Structure formats: structure tokens, C-alpha cells
């Protein structure tokens, strides 16, 4: 059993991510965020469950659907919103945008708009950690779509060969944009594929944040103790919003609201809310709302990058 | 039980390939063949066993280690040798060289010097056959090295998804150049990896030409009858010569002659020779020797391509 | 009666007509059969021609490009679609090492009739990895053809031509050009490689615009007219093979060349065009040249930097002004309302 | 005492010295630890620094390039080796979309200090897929550095510089250059980017040679001397960033520029160098230019065509002769014995 304090931590993180993204969706039609936002609403439990099992010096790599794990791992909210607004104070000085959030100080090492590309980067990072005799671990987040790409398998192979301290987290929300996994793979057998590389693999099929956290924590402990190499989790989850943008998309017809219903009913934000005391909940929510409000004000007020930034950071000299 | 006639066919094909490559090795130090030759000596049984299960209108794709399957599938010997000599009458007019043998008329669709590259080409060809309602099948030959490349897995995935009429033949000779499979994969579990895609996979572990032929024939029949999709064979075999060039290389130390011994003892050329009558054998050998001698004379006598060929065949107009 | 279609519909029509006439044409790529249908360019095709000829694929750019080559070898005419040109980086091995080389390295025994449709993105925070115009890579490699139509008429004609062509063709679209409307005849027609088009005549300077930058060049021309500088605007259409004659002829007249690319300049299409013109005219006609393109940086998503990253009508006009007058004049025209929306609508 | 090393040993020494001094340097790639040790360039390193710092890899160019980036992000200085440049086509996504862009798209929060060693092949039937010089691709993309040392001295200095550099560096070798011998000091030294070297002075024409073609240019210079044409020969060394000033200064003197690349010309390094020189000198100095490179075809393995495919000392001399005299003179020097083996041996 987990303690109340932990539930409160989890709830704070879940609620914060949910509310940040709801605010992004609210602001979006104002065109102040000129960035293609890929919302994680509905999927937050994976990011929070995983990142709550990590230390600050552990490192995560991810995808353009980056808000949830960025925040869950401790990424700076102000810098994130400023980045979405394209401001000079953004985490990438406005040169990354929503799809390239980074917060190296908090172990968020980057995200890519090209599917699958950060997986080998994460593997290389894990190789370096091993060589440097550190006991940090790496988490590689990616969607089910990335499991179509060859580089995923090349990465698994190398990680297994070298027994690297890395955890692969596939957020399987069933779709790559509008195309179902079963239109892309003959069978939905991701864990089977991974096990064939000699990598233990486990499916967590219900978006259960507590289960995700517990299982990942167990594996992290093993990796830190240098017992065993990579591990793979397939976390089934569900994206409530459209692939990119702030809206619902059940009218498009590629998926039904029926399909979504069980996931919406199993919403982990609501679930955790019910596990903590009402006054704690109120306190958390008030604090988070305040933080978000302040961050939005900041993002709106801050300046755009100056012209000379155009040619800065291309190379180091 | 197979008929004597079939043993004779197999022996002719095996003996011919062996002798052609021995002749190449003999000629090589004369520098008349200015082409990096990758000999299949020791591995012929795979090519012959597979190709003898195919019809002329079936199609094979392969690698730079191309002599064996090119000849086994019916490729023109004269054009092959002329190609190695860089002559205008070569199968690619001297523009391909040893690594790019092709004989479209006999279903040899090409070879690549970049490992793994013809695998998706073969898959696409199989897709076309299905669309064109033909009952031909495609064979994709590749080495164990190609199973390291992501494109192999992408290709498996698509072939399985579309249930294409293709047979993947991995000639596992344990090494990619000088690096053993177990230095590249955590486990030697190629069949397991492939099965995870929903593709039936089978290892044939002793280079047995009769077994290879029988098993492939069975699968070809299924594919022609549109029963079942892709199939994967891992054929263990052994390269006797160095990776590229005409020499032995046991002195390099990356593998031992001990390791090779069982494979040399299980030589399928000798085995088949013993299965046919001495006078048939003599007849076959005489014919083959004559054919090879003539082809070499031809290759030596023929002209190099004219200067205007340099800019011909770049595009179609 | 002039028939007006959007660039998107022109592509759809070209595909539809070629599929109807030739059963060997197949269309595939990520999401070609999904509700968005690649901006509408593949709308209805799956229903009409069935899922064997029109299909979505896994995210496997390298293998699907390889498969396209295999299909082409087997007699099909595949059209493989990518919603961003950036993703072609995953397929370079198949494109550069196989597709481009097959005809030659097999001594003409085979050919590879395939079309690779790919889109350059711009604005709305596309940023580093969704905005690249990498056509110069494909121009560099013998054996590939490259086309970048800038209007609906050419979009249709070039696609038909590309599908009929027996070589691999990289067909470069631009997301902003998708919104263009223009005259598009109903019948099938091809726009053959190796013929550039002079869109506007002018005596003072030759402006060559590639992909979306052609539109900016046309707008720049309007700014320049107000100060009595007359630009001849040329659309190369096909980048490989490239019709350098038309450009040379123009520069022979104007003595000035400005090439504006939708990509980086270093080792880019603009370097190539400048060099070829110089090679042709040196010793014959004195010329001054200028090239423009993406800033030598990664594409920044923030609007304040993105505006500076791309050439636009006003910065082009300003550069041309310097080319004509000599020296640095710091002239920059005031933004003009009507020009923002200007579209070139033909007829041709 | 002059210390003579081969190009191969110069690379090995540079790697060894940097590994000894900096524990974050790691070396990997296919076959780096096998009996051939990448032509000897990695000989002994695995034994000396252990299998964690020097290791062979699976055949997974894309993932291993991605892994190199990840290592660099974590503070290592990876050297990733490919025995053919052609194989980089499998890693273009990581090189172009990730390595080149990381520093910028993360607003300077990270940098990617990695070296990609790759070799251009030639002769002995290397053919279509083992002979490409694709450095212009990497010159095109902001965020990458490119270097192509032509002699042992630079091979060592540029590799040391590349390893120390905080950006991704594409280090281009040529299999034939591996046989070169020359003076190589024992101490560690860097050859900084952005400084070309004038190897031979001359008043009549500026000859710029890239990679192995520099050697051919030096040979061509000897042929030209016999007819009293004096070529200034420049080695750009670093292609990105490119020291155009040194070339411009030379062309200002000679009025003639011939760039000979070890790659195709269209959108190639030769187009870029010609264009930059023209941009700089137009209106100031009349110049004539010429570029040479691979024939616009796929590389044929047969010697009769391969000879025509590459520029060589005699065809370069012939082209320069035309450049100097004007028109087409059909002069081609007789093959001279000693020149075949000529090596440039420094000192610098």
C-alpha cells in the first residue's frame, strides 16, 4: 500500500498536467500558440507513473507528444509555456516549439518530431551512463507508431546486447494519427516482439498509474543495482483529443466514442482525486491553478527572441 | 525419396557453382577480375536447394555474395563471367560488377552491395505479384548480417501484414565479415524474432541440400495455392573462404579451422557426388568443365564497353 | 469556360485519371486512406480503386521505399507519399543507393518507375524537422528526377508526367502551395521535364523562384515595378533535368540573376543554377548574381525568427534592387495589402 | 628528423592520443575491433582502452548513429566509423534531423560532440554503392561540420580537432589517400576549421582539389608547368565551415578558378565554391570558372568506364589549359611515369 503522501504527489502531478493541457486547448484558438500541439489528455498516468519512479538524475527521452512526461519529470512549466508561445525565455528559446521540449537540468533530454528518432539516442545515453559508472537510468518514451520503425528494433538489439540500463515505455494508444495498430501490424504482439531480443517485456493494459509506478519502480531498482539490462513496458492508454490540436475528433469516424468510453471512465485523474482527502485535494488544486495562471501570464508577457538569435546556436563557434 | 534424375540436377548445379568459383579464385591473382569477389564456396547448398524448388518465373533477390544463387536460378554463366571481367557483354554491361549480378530473364532480379537493401525490394515485388494475380513467388536471400538492420524488421512486418508470397532465406554463416552473430545479438534467436511477427520460421541447421529443397518446395506450393503468407528459413551454413577475395583466412584468428571442419566434412558437393552413378557424374563434370572453359575464353576475348556507355542508362531518356 | 481547381484537387485529379487509365498505378504511404486523405489529395481513391491499389502503410519509410522499388521492378507504377520531405531522410539508402542506381548498375536491364510525393512544411511552428526543402540532395544524385510544381496546372501535369516516367521522380510539394487555385484543364496532359517557364517578362533582372519561393518572386516583381525595375520571373518547374537554356537566355538579356530557393543555399539548387549560368555566359556576357534561401540555420518555430528565416517578397525585392543599382541601398518596400494573397492563376 | 607516417597511422595516432588524454572518447562502428581494424586505423585500440571504449557494432547504422548522439548528449565524445560513405545513407535521419539540429532546436541547452569517420572508395570495381563522395549533403545542412583531409599531417590534425569540437563533424577519408605517407609530428595538434591551405603558388589559375582530387590537382600542376602554365593549388581541408577567403584571394590574382571535386558536380561542393567566389568577386575582377567531378552517372566498375568517370591529372591539366587559353584546344598531356605515384609529403 502506498502512503497518502504519495497519492497526493501523484494527484498533484496528474492534475497539473491535465490542467496545463486544458489551458493550452483553451488558449489555442487565440492563435497565440502557433505550434502544433499534441495533447496527452487521457494518457497522463503513464508519464506520471513512470517519472514518479525516477530520480532527478535519471533521464527521459520522448516524442512530440511531450507535455506530460516533460512536466512529470520535473520540467519547468514557465519555460514550457514560454516555448509554446515562441518566447525568448522558452526552454529552447523559442527555437524548439511544442515538439522539442527539453529541460536538461531536470533530466528531460529532448523530443523529436520524427517518429522513433529518440529511441537510439536514449540507448546511447544509457551506454554512456554505464561507461561512466553512474547508477542513473534512462527511460525512452514512444508511441505504438514507433514500433513500426526499423530503428526501434536496431535499438532493442543493441540495448540487449550491451545490457544497458534503459526502460522502454511504449505508450500504446492504439493509433498512429488515425491508423490503428492492427492496420499496421498483423498481430498486436509488441511484447512478443521485444522478448525475442532477450528483453523482458510486460503489458500493463489498464492505464493504472499505481501499477505502472510499482512495476517501473521495481525495474529501476534492478537496473540501479546493475541486475539485468533493458526492460520494456507496453502501457495501453488512450488519447482523448485529436492527434494534433485542441479538439475532439470522434466525428472523423476512424474511432468511436464507444471505444473511448472505458478509458474515460477509468480516468486516473478522477481516480486519484478520490483517493485523497478533500482538503488536500483543494489545496493541491488551488496551488496548481495558481502556478498555471502565473506561468501563462509570464508566457504572454515575455519577449520574442531578438533577430540575432536566428544565427545563434547553429554550431558552437 | 527423390529420383536419380533429381540428384543429378542438384549435383550439376552444385558442382557448377563450386567449379565456377574455384576458377574465379584461380584467375583472380591475374588481376583480370578487378572486382571484389565474395565467394560462396561451402554455401552452395542453400542456393541450389532453394532455387531447385522454384519455377523460371519465380524471382530471387540477393546480396553481393551472389554467384551461387545467380547460377542456381538459371543466370547466364557467360554473362556473369563477362561482368566480372568488366566486359560489354556482361549481364550489366560491365556497369554492375560482381556485386550487382542480374538476369531478369531468369528471375534473378538483382543484388546489392549495401547489406539488407534488397529485402524490401523483394517484398515490394511480392506485393506486385499478388496484385497482378500471378502465382509466382519471390525469394529474398540475405546473410545473418542483414538481420541486424532495421529494414529487415520493417520488411517482415509489411510482408506479414499483407500476407505476401515471399520466402525469406537467411544464409546464416555466423559471421558478418569477421564479427560473429553472438557479438551482434544477445541471443542467436533469429527464428524467434521472426515468429513474433506472425511469420512461420524454421531453422535448417546442417546445410542439407535435400532437406532445404524439400522444405522450401512445400512452402512454395502453399504460397502458389495462396495458402499462407511469408515464410522464413534460417539456413545454417559456412563460408570456407575469406569474406571477400579468393583466399583462406583461418590465419586471421577470428575463427578456427576446427569450427569449419564439420562443415567441410558435410560438404554437399561431395555428398551429392556420392549419390549418383560414376558415369553420370563424369558426364556432368565434363560438360560443366567445358561450359566454364568456354565462358572464360569468351569473357577474356570480349571487348570492354565503349566510352559512350559511360552516360548511357543513367535515366531512360 | 475556365476550370478552376485547387492545387490539392489538381493532384487528386491527376492521380485519379492515371489510376483509371493504367491499372499498374498504385498509391500508398502513411495515412493515404485516412479521414484527412493527405490534405485531400488522395480523397476517394481508396473507395474507387480498392485497398490493394490505395493503402496506408506502417511507419516504415525505408522498407516502404524499398517496396516501391520492388513494385516498380515488377511492372507497377507506385506513388509513395510522405507528408513531410524531412521523413525522406529515413529512406535515403533506398532512394540514393537503389532507386537512383538500378537502371545503370544493372546495365539497363531494369528501370524504376516510381513517384515519391513529399511536402515541404512552413509556418505554424513546423520548426526544425517539418520544414526542410531537401531537393538539392536529389538533384545531386544521377538517376533521379526532381520536380517542384508551383501551381495547380503544373501540379497536375507534372504528376501525370512523373507517373508515366520510367525513372524515379521526387515530386516536391509545399504545404502553402496546396491552397493555391488556378486554371486546370480536365483532360490529361503532361508537363515534360527540362522545360522551364517564363512567367513574366522583364528586362532588368532574371528572378528564378523554386517551389513556394516562386510565389514570393512574383510578389517581389510587383514591388519592383513600382520603382521601375522590371523582373523576368522564371519557374524552372523541373529541377532535374534542369532547363538551364531558358534561364541563360533570360540572363543574357538582363545581365542579372537572382535565384530564390525554398531550401538552404550552400550546395543547393541556387548554387547550381548560378554556376551553370556563369559557365555558359562567361566570356560572352557580364552578369551579376545573387542567391537567396533559408537562413543558414535550423528552422526556428517562433514567428519572430521564422519571419527572418525565409526570404519573402520584400526581402527579395530589396536584394534585387541592390543587384540592379549596385552596392547596398537598404531599400525595403512597405508591405502592400493585396500582395499577401496574390496567386498566380494562369492560363499557360 | 622528419617523422614519416602513413595516413592510416596518422589517424590511429590521433585517436590514440585523444583517447589517452580524454576518457570520454569512445570509438565504435562495424569491425573496428576485427583483424583488419579499419585498414589499421583502429589497430591496438581495443586492447589498449578495452572493449567498453572500443567496440564493434551490429549492422545498424541508423541506431548506432542515434546512439552516438545519445552518448554525446551524455558527455562522451564518440567516434563512429563507416568503411564506406555510402552507408551513411542509412543514417541520414539521425545525422540531418537530429545531430545537425539538436544544439539549435534545444536553444543551445545541449551540443553533440561526435565524429563520423567515413571512407570514399575507388577502383577495383567498387562500383555504384561503394564509391560515392556525398560530402555536399552534409555541407548543405547547417549544424554539421565537414572535413576531408588529403594527407597524413592533416589527417591527424583534423581528427584531433574534430574530436575536440563540440559539434558533429563528418570526417571524410578516401581509401586511396590511406596509402599516402608524409611528415607527421608526434605531438598533438589541431587543424582548425575555416583555414584552407595554399599548397603551391602560381599566377595563372587557381586549382582547388577536394579529397583525393587534391592529389590529382598537384599532378596536373606538373603537367601544366611543362607548358608554362602555373597553377596555384589550394586544399580547402575543411569543407564546412569553408575558408572561401583564401580561395577568393587566389582567384583575385589568377582570374581563373577550377574546382575539382571527389563527387558529383550538380549541387556539389564545386558549385558552392564557384558561386561563393563569383559572389565575392563580381564587379571587382573578371574571372572564368570551371568545375570537374564525377561524370553525371552512377560509378561503373569496369576499368574502361571508370577511367572516364573520374577526373585525373591529365584531364584536369587539359581543362585548365582551355581555361587559360580560351576555347577548346584538345590538348592532353602524355602520361608521365613519375607522376603516377606522386605524393605530397609536406612539411606544412
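When the chains are written out, they are named A, B, C and D in that same order, and each has its own residue count from 1.
In this text, contacts are C-beta pairs under 8 Å (C-beta built on N, C-alpha and C of every residue); 3 or more make two chains touch, one makes a residue touch a chain.
The model shown is predicted, which means the values in this text are computed figures rather than measured ones.
Colleague: By mean C-alpha position, what chain is farthest away from chain A?
Modeller: B
Colleague: In whole angstrom, what separates the CA-based centres of chain C and chain D?
Modeller: Roughly 31 Å, centre to centre.
Colleague: Need the CA-centroid distance for the pair chain A / chain B, whole Å please.
Modeller: For chain A versus chain B, the centre distance works out to 46 Å.
Colleague: How far is the middle of chain B from the middle of chain D, if each middle is the mean of its Cα atoms, in Å?
Modeller: For chain B versus chain D, the centre distance works out to 36 Å.
Colleague: Could you list the positions in chain A whose residues touch two or more of the other chains?
Modeller: In chain A, residues 90, 94-96, 100, 112, 114, 148-151, 154, 157, 161, 184-185, 314 touch at least two other chains, as defined above.
Colleague: Indicate the residues of chain C shared as contacts by at least two other chains.
Modeller: 57-58, 60, 62-63, 86, 89-90, 93, 97, 104-105, 127-129, 142-143, 296-298, 300
Colleague: Could you draw the chains as nodes, link the ones that touch, and say if you get a line, ring, star, complete or other?
Modeller: Chain contacts: complete, every pair touches.
Colleague: If you look only at chain D, which of its residues touch chain A in the complex?
Modeller: Touch residues, chain D against chain A: 26, 52-53, 57-58, 60, 62-76, 78, 93-94, 97-98, 102-111, 142-143, 145, 165-167, 241.
Colleague: List the residues on chain A that touch chain C in their complex, please.
Modeller: 34-36, 86-87, 90, 94-100, 112-116, 145-146, 148-150, 176-179, 183-185, 252-254, 304-307, 309-311, 314
Colleague: Where on chain A does chain D make contact in their complex?
Modeller: These residues of chain A touch chain D: 59, 61, 90-96, 100, 102-104, 109-110, 112, 114, 117-132, 150-151, 154-155, 157-158, 161, 312-316.
Colleague: Which residues of chain B touch chain A once you look at their complex with the stated criterion?
Modeller: 148-154, 157, 160-161, 163, 184-187, 189, 192-193, 195-198
Colleague: Report the residues of chain D in contact with chain C in the complex, numbered from low to high.
Modeller: Checking each residue of chain D against chain C gives 62, 86, 89-90, 92-93, 95-97, 100-101, 104-105, 127-129, 132, 134, 136-137, 139-143, 240, 264, 266-272, 274-275, 278-279, 282-283, 286-291, 296-298, 300, 326.
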